[in-house]
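Below is one structure, written out as structure tokens, with a few remarks after it.
Chain nomenclature is as follows: A, B, C and D, assigned in order of appearance, with residue numbering initiated at 1 for each chain independently.
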């Protein structure tokens, strides 16, 4: 069995838990090289997404992803709202009509999500943004044929950690130039929580993708 | 020989020295129960008085006292400017026409100075203002017949210290009500420096009043 | 002390210079004085002069201009200017119809302005005065110094200035100003202290979890030092103390001023106003106009004051009359 | 954190409420949105919408009113509002002649406002945009995020708003706004940090003897962290960096804005202006008008920015045109 609506719901819940737990940490990352609101923004948006998606019974992963995405777009704000919102929205569009999502479909969904992020943010790799987590993770999915939870999480974590040594060229951290080096990019950190949560759901629920 | 123009000049100089030396202390007294500018005000005014009176050769104590007074009135500002200015101005008027000032004349000059202060400030004794130094010192002069430097200084000091236990009813300290108790009144402290300086000049110069 | 200044002993002079440079269409500096005066004079009008210690910007020079003050006298920080400077203000404002001094009730201000009146009379200028004492945080007593003048003074400037602009004689201008004084009450609070530049350190200390209710505009305390409260609680306390004074009652119409003391963000002042407007509605008091911003500050103190001015037809008309100053526009 | 608030998560809603209550003659809150819009509409006029994160008060809602903005969208503190709220602003501002968005150049603002444009187009509202990037503290580069929009944005609001008020079509309003953007340059500095209410602690730390030159309005740093300098030195640095950009030259006429970031006393801003006006005179640049005050703040940050807008006849006329907003009056 691939990823079902239920698994998407669990994914959202787990991500939300991690975001709420790490709200202060994410905000501190953003205080170091941005304007210090990233944890607050993500926590507000995910809390609202939980509330919103609790209102309905969803027929398909796509429907659930859509409400999740639209809530992020509306409630996160800042740079991360449009970016995370667009990513999830593109996934929703990508898996439209499917009751379950298999590995190939998941890979395509991530490809589309990344394309959405790139189009919205006009950022490229190595500019110290969440692109630096999403790009490697898409390559990782493309290079494999089945989901390896541990390896997936590892890849995401490594990518996030690598943003530490980069000099920012997009987003607020870019104003710091060299002074941006030495700090993990906040958007990459929350991207890691999102990806780690997906990985945990797939492993714990015995999803076969 | 009584108090001459030269002695008045020395009095002003000595007072100025003490005010400048204790500028921070006077300001701190005013920070505790006022608005924290008393030392600044007095230091500015006395510095200007020194400058102003250095410009001319004075014929009489009265002329010198007048320029001293007018400079204080103009440059000290706040509550203390009109009060110290009026006090010195009244002295100037009181000793008009005299080349030297004897004990009786000095006593009268102080009486007039106090009257000026009372009329200007509408304060009475025991309201924790400089009146609480000037009133006892006038009584002290009235009760004696010759100037006793040590006793004069003592009397002024004691009067100043007694303001510590008073509750303020005039000036900014009045807003503190009970909380004004326990602090020396700033205007009384600078009055003490003025009186102590006079006493030192009389003693050091061997003035016979 | 962290300030964007050059020389702590020169702040007032440099401020006057920068202000005259910025607003030469509205005000000008009278050379060698502490006076900023109107550029555009209304001939034969009663002159309105205010002032006092500096550090309360935009008070008072920010209210110089058509419809408000004719001259502002800028003393040293928190220190009333001497009578000679007030006299310069009176001279600048006089155009033959006499001058009204709007004085805030502090010993220093009252003494210096009164001495200036005596000097002006010697120069045969007709001068009268009103003394503003709107701060209900302090007990009203004729025996003590009495109540302080705080931000409500700005309403008095507006009313007196508008009345003078009608060409009314000095006695009538004074009567309108006195009506405004009778009808205005204020109270303030503070979250932090302020630093007189020449003193170099804060006037007092307040713990991270404390506030002072009833704070004056020079850091003089008022009613109590308490633990930090919410904006809603602060609104309740300030308004209830103001209303206790008995001037503003159900059925009355008022103008409201939510005044920032220097470093309180406008956002916080508006949050406070949200509650103030609810409370007044509840009490049956109609808000005719609300002014939110920095009108009378205490250098960089964090905190605010609330002022209520009870209005009648005359005061409404005078409040609404045009004013063209750098800090108050109608 | 010492703030006069109720709930850190509710500051923007409560601010909007208090603002609408205070200024119901000028602006109103569109229910269930983050939008404050004009009460008095000019029919058939291009609508001007701005906004972004809150915490910059009076930006942007303080500029809603006749002659400036038709709607301001108030995001969470320092966080651009989402596209749905910007769309609400567009709808509130639209009266059939199209809408111009004035966006400050930050990734978040640009993305959210652009998404809103896409949504508006789906609802067949004509929308165009200009992006303000006046901050010379940041390198101008198309590869990176590029320059930030800071206080110079207020001049763009004024120019666009005045042009729209003439009944000009969207393309012309946009052209005037873009001319203002080409002609305006700014730079800021800070003496202290600020605290986002929901974060509860300052965004960064600065030692008692330090300042940051080139500070942005969200606490993003710019050029360098240096030892405390005098107001004159700061004026020199800000102006020289602005002039280096080559837009303002000897013989030009400019409007100057000395903008306080939140807790800098007006006195200090005027001291700075004294020097700024001297430097400009020295450089042969004529000051047409000067604006001193808080126009675009960073919550309670201490510091300032200086903006210069080069003027031609059109811009002068538009700058001088009437504006009736709560924070900008002409």
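Following the convention adopted for this analysis, a residue touches a chain if its C-beta (ideal position, glycine included) is under 8 Å from a C-beta of that chain, and two chains touch if they have at least 3 such contacts.
By chain, with names taken from UniProt: C, D = phosphoenolpyruvate--glycerone phosphotransferase.
Everything quoted here is computed from the prediction, not taken from an experiment.
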| item | value |
| --- | --- |
| Shared interface partners, meaning chains that touch chain A and chain D | none |
| Distance between chain centroids, defined by C-alpha means - chain A, chain C (Å) | 54 |
| Averaged-CA centre spacing for the pair chain C and chain B, given as whole angstrom | 32 |
| Chain A and chain B: spacing of chain centres that average the CA atoms, whole Å | 75 |
| Touching two or more other chains - residues of chain B | none |
| Topology of the chain contact graph, where touching chains are joined (line, ring, star, complete, other) | line |
| Chain C to chain D touching residues, read off their complex | 2-6, 11, 14-19, 21-23, 54-55, 57-58, 62, 191-192, 208, 211, 228, 230-232, 234, 256, 258, 262-275, 277, 287, 290-292, 294, 297, 299-300, 302-304, 326, 329 |
| Chain C - residues contacting chain B, complex | 9, 53, 75-85, 106-108, 111-112, 115, 137-139, 143-145, 148, 196, 198-199, 203-204, 216, 218-222 |
| Contacting residues of chain B [partner chain C, same complex] | 27, 31, 34-37, 40-41, 44, 73-83, 120-121, 127, 169-172, 174-177, 179 |
